[in-house]
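Chain IDs A, B, C, D and E follow the sequence of writing; residue 1 opens each chain.
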């Protein structure tokens, strides 16, 4: 039995971080940049998450949406007490961070292959550092396609950056100024240039969207073992000890959030598993 | 001031009393024409819905009449049901009941002293303000109050609506080991209570008296709490004495089974509480009455504290009829209850089983105990299966209403003789007069003797 | 595991001495004792607190103490608690945080030294349960430091099972009634015409050292034989069995079985089965603050997958909203997906969940029924 | 049954199709299929109501459409990978003709004329009609912003 | 909870038909009382103070049920001057023991208790606060638990969700280490259907839970009622067991009516 024995249990006890910046993404969503006050946490890898603690309120899992040295960025949508507190943070405020936790996208295993990134809503956040990774070394990969679905044009995250990526964007509900695609994100697959057998796909978004997209990709010939999806369940401890995030055989805080469609397909097909 | 020279003082909602009440006072040409303690606490119909319940249920159900003195309700109910079923609970079980009751006395009396009554003597609105100048005393009071709660919590499970009391005894009795830490704390608190008596004795008290009969339970050899015989002391005027006389007067006792022949409730239009009278005369229950009836049975430490506080020696026939000084008597009762609790704990042997069987019986039972604010009487009629067919509850505040209104009249009249007070002054004075008797409005709002028709 | 040298025999006075020695070594001794009409695990100060002469009568949803004429001290089955209560307590502080006037945060890990427990009377099934908890709480990428601290310091006196209850099925789960590895000392209680005595073996050096301090005699063949026979007889007297199939596969194959509806009709979702289970480890976190708001604490407390809010998603409802899905989660996890997550079954066959379920839902009966339903439906899907 | 899908078919085709049918009935609250599972059967509803739903963790089953008397339940069996896109739950007791999908597909291959006619009928009467109505509903759902109820955020 | 300009949040405590016990719980927080008073401004609390602060209030605690027309109007006013409204106790949350009137003719009840019933203006039912105005949180119990009250106030101050679990008493009973009284003694106990919060007191004292915290969030009466019968309760006992302090809670009300029809 191998047991990690860090001096400070950074998996259990938060480490102080300072809010270095925050920007509004949409009405209910903000991106916060965090810098360590003292020693930083071990390095994060795209796809992994941190438990971010708002003082006195609680902590929630937030995927990293940007990694720059010791600086972590997270995009948070205000849906509960803790996310509301984090969403409302101002620069200079201190928070606690635990991590890194969970499985990563594992971009390296897609070396030399076509890449298909499919994101729905706030699901773009954990995929962003993956795209950064590809753009930093395009020579290692084949075709990169980024397909993004957003509820409305105003809900699109990182709009400037997304334009630079050349991503295909579709919205459910256009406004008067929107001249782009309208519809669900899977409809964009027809316009993406990828060779299914040579493709590794990375999918994140609402679970219904993940199910539809992964199923469609598999139908088009992408190997289910090469479709990587990021799943979400309630996480409390992030260390595999509290049991809340179980999804069938998976302990998602440890075995996820990123799993292959091979793993996810059967567990997502059982209601209330 | 109205055009006809009538002056009305209306106080919408009385503060620092338990429950909802208002005051209505009319003054005309220096005379008080009307003094009403108007209780508008919504009625809750306990006596009606007790009908049809099992004979084991009154302790838990009637506890909910009052969150301030639930133990009083539970134990009066137990006594009445046990009386109907001809069961006597005695020995260590009775001692534990008294211990539980001591806890409620300590809690409730310190609550009243510090949080409700003392602010009046310092001219502040509440205990938080009081704590700004009397921090140590308030903290001591809260600690004492907590000690009372700890007794109730240990024996009863929780301080409000304890869960461990049952007809026949308890669901579970504590071990000696469980009581030991409590005793350690109470030994400290006994000194604190002696300090408390000294503190309140130093307050500034107006001269006052009360011309009411005093009604309390009496139990030879002890300061009656959880049992005793109703005993009344004559009002001073009947003996040709002034209302503020401190002399003990003749007493008479009557059997608890005859309670409703002596204490009769009647309804007044302005109140959801029923007023009651003792043998047709106004009477007062509570600390002043208990001290008058049972004072000589206080423990030595309590007697000494009472004497040092200027209450005189009850063994020498001295009583206290100044309602403003009731705060001192309450403090003495706190000290006594702590002392008594310690005595019970030291003599404690766990009884087995924790309750005696109380098989139902078709009969009517009566029970009375001394709630912190006065005598609380319960009566139940059971059928052979133990179903309650009739219930009557007579709480102390209902009994005291007449006395409170008379105190209002007397005090306001006296004040008017000293010159014209402002409305604010008059209001504050009336509130103090009411709070002297620690009225518990929740208790008083739902009762009637069924025979009054 | 040390081979522990030669087995010895001690009597009741030896057991008293054992408790005294363990107390003398600064340990908090936890063992069985009678309280509230049950044999509970509590702190012991002497051997006279052991439940000599007490046995239990067990059925699904029913537990009754009954006297035993033979005066045995360990002839009772699993009680309402397990050692989890002490190793993985119901409520525990994990860290505290202070916010300074300048807004700086300081976090301090809970560092109160863990108690040095001595567990007296650990039944073989429970010893395996402790091993399961070890894997869950210290075997993954992140070890639970508090648990590990208590666990590493704990001294385990196992007692072999000679009196299984009607709800026991450790033989099915391969966890008893003979003791497996992991003990410091192992006892086997023997009562016959030669008297009331215990065969003792040491499993560790500390166990040997403790044993050496006790009044004892070398184990005689008769005592050894009697001990072996009593344990062997116990194996034949198991009240219940699990179906002799791969339970992990059975659970995977029957996720949509009708039988779940049947069990759920009887399930109160009270969570009692999870709380009494010696391996159920789930917890929830509590964040508390004081009135100033500048002092915060993180606590965790036992939680259960039967709680509707266990799977509450932020901004939504519960994933497992139906009682059916919650009961299914418990059972399929316990004997199915536990293997995937932690490399073993989560069930040790102690029968507590059967006894302490108010409506008497029986894990073995449910497994048999699921197996029968699968068989009736033909091949596994 | 006089209305619905069957009545839109020419009589010969109707007879041909019903040749593969067998009668079936379900009580209310029975799950006929799950999203993602194999689409190996389909039904023509004679009486009763079926809800098509999507399961969203934490929110339960969200009903997107209902299928009633005379309507065809299921068309995913026509196209690879023959997997249901939605789940189906009976809301009331249901009586229906049930068809074995592989058998019907094989028959469509064997008799291309009948196959094409059936395919056209499904494309027009079922898929096309539902697509049109879904788009109309989108207009309702995504029409002028309906003000969101104030989220007072009660703790529980 | 952010308040304007960093001032102390204002707390108000209101009373309707009740025994006062739940608001007394605030005064029973001896260790915390002065601390609370430092962190929040107790603006309205008649039982404790004769001073009343100006509206609006950041947090209103409401004790008691609605039994008169005036009270039904008063609670509307309270809602309108309160940013957050938390009901405290079984009366405010489920109508309290006085909701037993809901099963009877109130005119008759009134006549039993009062000689001149015409003096008494009261409604035919006792209803919870939530039947009249939106409520942000309902704190259960007859009476409420002191620890839960402090938790609600501190959580309010920290902007945190109060940790007030909705599961059954059994959860707390097991955490407390009490052997189940149903299983070990055959004692009827409402724990499996009752909301946690009391700390599982009654079983710890050897008695069955009597449901003073009302229904939990996951109840299976068809499986539970037979246990009560098995352990010696007859139909009348079962009806009485659910008709106490939370009698008007919908789940308890329904099961007691169903049992009463037997």
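To be clear about the criterion, a contact is a pair of C-beta atoms (placed from the backbone, for glycine too) under 8 Å apart; a residue touches a chain by one contact, two chains touch by 3 or more.
From a predicted model like this one, the values you see are computed outputs, not experimental measurements.
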Identify the chains in contact with chain A as well as chain B, in label order. E
Report the chain whose mean Cα position is at the greatest distance from that of chain B. D
Identity of the most central chain, Cα criterion: E
Which chain pair racks up the highest number of C-beta contacts? B-E
Centroid distance [mean C-alpha coordinates] between chain E and chain C, Å: 37
Roughly how far is chain B from chain E, going centre to centre by Cα mean, in whole Å? 26
Separation of the C-alpha centres, chain A versus chain C, in whole Å, is 39
Chain centre separation in whole Å, for chain E relative to chain D (CA means): 48
Show the residues in chain C shared as contacts by 2 or more other chains, in ascending order. 287, 289, 293, 296, 311-313, 319, 321
Multi-partner residues of chain D (at least 2 other chains): 56-57, 153, 155
Going by the touch rule set out above, which residues of chain E reach two or more other chains? 155, 158, 160-161, 166, 206
Residues of chain C touching chain E in their complex? 36-38, 40, 61-65, 79-81, 85, 90-91, 265-272, 275-276, 286-293, 296, 301-302, 304, 306-309, 323, 355-359
Contact residues on chain A for chain C in the complex? 1, 3-5, 8-9, 11-16, 37, 55-60, 79-80, 82-83, 92-96, 232-234, 236-244, 246, 248-251, 254-255, 270-273
Can you tell me which positions in chain E touch chain A when the two form their complex? 158-161
Any idea which chain C residues touch chain A in the complex? 94-95, 97, 99, 103-109, 134-145, 148, 255-256, 281-285, 287, 289, 293, 296, 300, 303, 305, 310-315, 319-322, 324-325, 329, 332-333, 336-337, 340-341
Which residues of chain D touch chain C in the complex? 56-60
